[in-house]
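Consider the two complexes below, in which chain A is the common component and chain B and chain C are the respective partners.
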Partner chain A sequence: MIWRFVVRRVLIAILQLVGISLVVFFLIRLLPADPVARLVGFNATQVAYDQAEAALGLNKSVIQQLGDYLGIMSTAKYDGIAQGYLGDSWVTGSPISEEIGRFLPVTLELITYSLLIAFLIAVPVGITSAMRPDGVGAKITFFWGLFAGSQPEFWWGLMFVFFFFTWWWEQFGFFLAPAPLGRINPMLIEPAVITGFILVDSILSLNFEAFVDAAWHLMLPVFTLVFIVSGPIIKMIRQNMVRVLRSDFILYARSCGLPSRSVSLYALRAAMAPAMTLIGIFYGFLLGGAVPIEVIFALGGLGEYSIRSILSFDYPAIQGTVLIIAMVSLLVYLTIDILHAFLDPRITF
Partner chain B sequence: MTTDSTSSGTPEDINPHLELDITKKRRQIDIVKKFREEKLFAFGIIVVFLSIFLAFFGPSIAPIDPTLATGDVSFPPPPLADWPGLLWQVMTTDMENPPHWFGTDSSGLDIFSRTIAAPRTDMSIALLAALVSLVVGTVLGLLAGYYKNIWTEILMRTSDLMQAFPVFITAMILVALSGRNTANIIFALGLVYTPIFIRLTRAEVLSQKTRGYVEAARAVGNREWVVAFRHVLPNSVVPSLIQTSTTIGFAILLTAGLSFVGAGVRPPTPEWGLMIAQGSNNIVHGEWWESVFPGIAISLTVFGYATVGHGLEEDYR
Partner chain C sequence: MAIDEMTAPAGDTGSARPIMKVENLSVVFPRPDASDITAVHDFSLSVTEGEFIGIMGEPGCGKSTAAMAMLGLVRPPGRIATGTVEFLGQDLGKLDEEELRAIRGKDIGMIVQNPRHSLHPMIRVGTQISNVYRAHNDVSKQEAWEHSIEMLRMVGINDPERRVKAYAHELSSGMAQRVLIAIALSSQPKLLIADEPTSGLDVTIQAQFLDEMWDNVQKTRSSVVLVTQDLGIVANYCDRVVIMHQGTIVEVAEVHDFFNSPQHEYSKAILGLQRRAQEKGVAIAKVDEKAPPLLRIEDLTMHFPIRASKSKVHAAEQVSFEIKPGECLGLVGESGSGKTTVGRCLLRLEEPTSGSINFHDVDLASVSREEFRKNRANMQIVFQDPLDSLNPRWTIKQVLEEPLKLHSDMDQEQRLDRIRELLKLVGLEESFVQALPKEISAGRQQRVSIARAIASNPDFIVLDEPTSALTPETTAEIIELLIDLSNKLGIAYLFISHDLTTVKFICHRVVVMYLGQIVEIGTKDQVFETPRHPYAKALLSAHLFPDVANRRVDREVRESLQGEIPSPITENLPKGCYLFGRCPSQVEKCRNMPQELTELEDGRLVRCWRVQEGELTD
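Let's look at the complex of A and B:
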């Protein structure tokens, strides 16, 4: 049964991806930007301009450009999406998929750890505050849920850098956090890229020095994101717990004389599903939304790649980035929905 | 939440059974009472008014021209202990060089003046973007909910598609490729936030459409679009109005975020995100004041709008 659901969802997702690539394609061509001038400079001669335009394929009609991009009725020498090729960057000349393959894992690693930690914190906090709805803890979590969800994450990241790096050094003479200059100390040997997740890679290559240093470098960016996203997740878990605790099956469990610990476990299972959905939404949001955090800590993630491509009008790179982000988020949503079905027996496909 | 009466008589005159439907407890929000009783909500309301006030008058009440460099480069703010004395001096004597309450940045611009002049940029972008998405989203949502045809179907699928786009990156693309100026940022943010309002309004319209007053308005001979815009619309707009407050907050964050990564307004426009970005280069050297003060301003403003949005939503439910 579940397979039929998965197949249907994957088909819809493919349609959505086609739609997204079309929208991005036309959107960037509708906007009044001149990538040729950006590439050759405004003082270039007409000949140089024309040459560059022809090299980028921008002298062709929009429909023909679309064909080249999609790889259907293509007149270009290179492959298109239909052949599984995202094109080459206009700025660096290397294949987009290769570049994204290098930048994407950095972002994925950052937001995976952050959401995992935020979730692990949010579950006990959310439950405790839901079990005692009038307590001080409940008031604090309510405030936190509202406050953290509406904060400029890049500013907090900067404040943490100032506090844990600069100020701490001035006060105590040692660094609590490393300088916000990348994922690992440049003096160390970087682990070979296997998964792209630097922590996983350093364990796989048994480079524990690199592991410790990479974890140290990831500490502040992850802390910043946890600080921001934990608020809404706690709020969500608390709200659902309160709602579930009032429901009939909990009343029944209580009247059967079950201890409150096992009652709250039952409730937790039911309250988990919406929280998972929220985490999925955050995952998709942060893929493109963690950009300022990546910039502050100079992590070299997809966000920085997208800034670079957008500001240099690198159309193939922009198209590729948006497509990949949409693809990963749709994949995450699908996973969450399947998990949802396991958590909530009422859902049938 | 009132039902309009039409020229040919109120719906009550026509069908007495409808009265049940209409006099059903109206979901009213008593803002004044809420302001007195809830501290957080009161804080939010104050922030909202202050931000709008500064958007209008911020640049004019700034003690030093926010875009004019002074000779004092990278001045730290005066220690807190000196503030009362300085304040007294400012009020009693006509100082030639007013104090830099929040210090100056590395170009010699006065941080305090820039922080209170920035709402002119930040708030007008956020308010107008929210207004654009509210108006466009509500009208499209009304059409999508009220009429069911191929065009509204296409509209909804397009809106679904737009929601699958990464917000921050889409906004960056729209602003960077159409030119980094205020109007383009408003347009970009408005476009990004419109689908939420389409969805909210449509859901509400779908539930309102089956209510008795709609049938009554039709029965007295109103044309379809009159029923839609004069009767269904006013009854379906409340969720969107509540969402507006939250959207304004998010729009402020996005505006600041865009300038922070270099895809927003250009320097030396006084704008909070830009100020934080400019200060971020110097913060590791210990010049904290350049980024701290505009950040506190964003933090409090967005939190204020969030509390108002939350308070209204709570009452409406």
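Let's look at the complex of A and C:
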């Protein structure tokens, strides 16, 4: 049953991806931009310009370009998507998949840790503030949600850098947080790339010095993201919890004399599912939306990569990035749906 | 411990000792930016051993809240403001949370209304039963699981090994109710608090449950506090009745005293129809037996196809009956019997699969839609839910004006006059014309629906459960209004209802349906006094008339049916008699012998060969 659902969803996802690649392909080409001039410079000769245009394949008709890109009825020497190849970057010349493979794990690592920690904080805080609506926890939550959500994330990022790095050092003479310059101290040997997740890689390669330093570098960006996304997640869990606590089945469970621990578990189980959906939505959003954080802390993530590609009219890179982000989002949604189904027997496929 | 003189049960043997004593209990719900609402005010009650107490009152009167508060529980954000609850000599207010918990569900069992929402939607029912059992008994998971299967078997659930793994949404509400009963009885409580335990159940199943509860009380000398809105339940099962009105107890009385001489004004209002019928007899006009029928339906059949399946829902099978001018024909049966479908087919709200509907000598089933519409002014319908059947954005004036615009050529002035006249006919003041439906009470909404139905001067109205969503006192008023209108205007009714009490007051003749078939047609007296078909007998016996002179619990034999009504899809339908498998009078021949509706010597029609052959007598 569940497998039929997964297969169906994957098939639909493939259709969606095809649709997305087509839309992106045509939309880019509608831009009033000249990537060739960008590449060879405005003062290049006509011959050099033509050569460059031919090298990029931009002298062909749009339909032919689409064929080259998709790898179907291709007239180019290189492979297309159908062969599993995203093309080469026009700027660096290296394969897009290789570049994304380098940038994507950085973003995934940042948002996975952030959402995981946000979730771990939000569950107990949301529950306590629902159970004691007049308690201190509920009030703090309220102001937190209001405060954190009312400022843009880059501003919070800058504030944290200023406070924990600059101000702290001036005040106390040591660094609470490292300088916002990348994922690891450049003086250290970076762990070999295995998964791309630097914390995981440093453990796998038994480089504990790198592990500690990488964790230290990740501290502030993760903290900033957690600070911002926790508000809405707490609010979601709190509201669900309040609703569930007033429900018939909780009142009934209490009237049956179930221990309060069991009653809380009953409530938590029912309140959890919608919160997970929110996590999924955040995940998809942050794949491209964590750019300000990535830039401030110079992490070199996918968001940064996509901005760079857009600004340099690197068509294959833009297409590849969009496709990959869409793929990861669809995968996350699918995972959430499957988890949902395991939690809630009312969902059938 | 002294027994409260006023609330002690009359004529008890003296061995009775109080189980629970509630004093001055008040529950308040805080409102933001407003004063608190006191949902229950100064509630006092003492319950003695072996007693069956009913708490009655209109929706929102605080009866359910009071029942929960007896356990020390209030739905958030409410709280118990004052009062003490003493249970077996212990003051529950002085116990800590853990001691209270140990009493709840063990010594005091709880059954709540809305059983499917009261079970956790994501946890198997077996696990939920086990969890409660383990909360009060020191047993292993495995033992508790086996105990749950045992309990499900005990409350009459078929195939408990499979049902124990089910989730709440996979159960019918009848089954979910049984699960709650299993949970409540699993630790053999001394006091059972049941909050509308049978709302939403069919009468035959309701009778099965209440009988079991009553027998249990007699056997184990436990006590029951039953919260209900149903006079029939109170009259048939309770020893004492507590009447609540706007959060306060207005009357506590022994059940016979309550029905024979209610003291409080509100109690009298609840008993309205009952009392007025007793005092002067509700006057329904005689029907001219010789008049040609106004409406004659023949072999009306309605099958609904099921998507992606060859089988069909057999909602109505070859239904035939007549209605004379000015006659009120009752159409009764449990849910799923097809009575609503028949009503809807008459107005072609559903297109019947086959059959004819003769009205004023026109076959409505076969005429074109255009032709049919011309006849619509003469036949109208009133639905069950008064609020849902009125456009929420229209004022009462707009609601009543619409049929006048459609079916007459009155000018604006004439229409306004007619609207005033209509409001007066249904007993509403003129000032309501500008009100919106949600601004008036349910009883008044239903009056507006009735006014809309009679606006075009019809001579026939289908009343589809017109009183089922109303409180007992409003029901009484609406029934009286309908009788008045019929007498004044000579309108014929098809009165569809599962509430036999109201049918008994208003109808001349009664049709009993089961699984889409008519099983008996006769005059009101024939069907109500001496029903002949086994299903009609069981239905009448299971229906709880608010009549303390003939309590179900006092009867020697309580007729009842086995199991539940099957859903009427092709493969579920029995080959022979549709009642086979549930009928107390069945013989082997019934299994494969389809039954015909045949006239008996006293003029009624019955679909049972054993009755026709004279094998079944009273």
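In the analysis below, the second predicted complex is superposed on the first by the 340 of 349 C-alpha atoms of A that agree within 3 Å, B and C clash if a C-alpha of one lies under 4 Å from a C-alpha of the other, contacts with A are read in each partner's own complex, and residues count from 1 in each chain.
Throughout what follows, a residue touches a chain if its C-beta (ideal position, glycine included) is under 8 Å from a C-beta of that chain, and two chains touch if they have at least 3 such contacts.
Note that the coordinates shown come from a computational prediction; the quantities given were computed from them, not determined experimentally.
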Query raised in the report: With the two structures laid over each other on chain A, which partner does A:Phe162 touch: chain B (first), chain C (second), both, or neither?
Result: first
Requested in this report: Go through the superposed model and pick first if A:Phe154 touches only chain B, second if only chain C, both, or neither.
Outcome: first
**Report entry** Chain touching more of chain A, residue-wise (chain B, chain C)
**Finding:** B
Query - Touched partner set for A:Pro259, first chain B, second chain C, both or neither - result: second
Query raised in the report: A:Gly41 contacts which: chain B (first), chain C (second), both, neither?
Result: neither
Query raised in the report: Which partner does A:Leu245 contact after superposing on A: first (chain B), second (chain C), both, neither?
Result: second
**Report entry** First, second, both or neither for A:Pro133, with chain B first and chain C second
**Finding:** second
Requested in this report: Would you check which partner chain A:Gln16 touches, where first means chain B only, second means chain C only, and both and neither mean what they say?
Outcome: first
Query raised in the report: Should A:Leu287 be classified as contacting the first partner (chain B), the second (chain C), both, or neither?
Result: first
Report task. Note which residues of chain B are touching chain A in the complex, please. Result -> 40, 157, 160-162, 164-170, 172-174, 176-179, 249, 253, 256-257, 260-263, 273, 276, 280, 283-286, 288, 291-292, 295, 298-299, 302-303, 305-307, 310
Query raised in the report: Which bits of chain C are touching chain A when the two form their complex?
Result: 68, 71, 73, 75-77, 97, 101-106, 110, 112, 114, 117-123, 131-132, 135-136, 167, 169, 180, 183
Query raised in the report: If you look only at chain A, which of its residues touch chain B in the complex?
Result: 16, 19-20, 23-24, 27-28, 31-33, 143, 146-147, 149-152, 154-156, 158-159, 161-162, 165-167, 170, 179-180, 284-285, 287-289, 291-292, 295-296, 303, 306-307, 310-311, 313, 318, 321-322, 325-326, 329-330
Report summary line: Listed in rising order, the residues of chain A that touch chain C in the complex are 133, 242, 245-249, 251-260, 262, 266, 269-270, 343-346
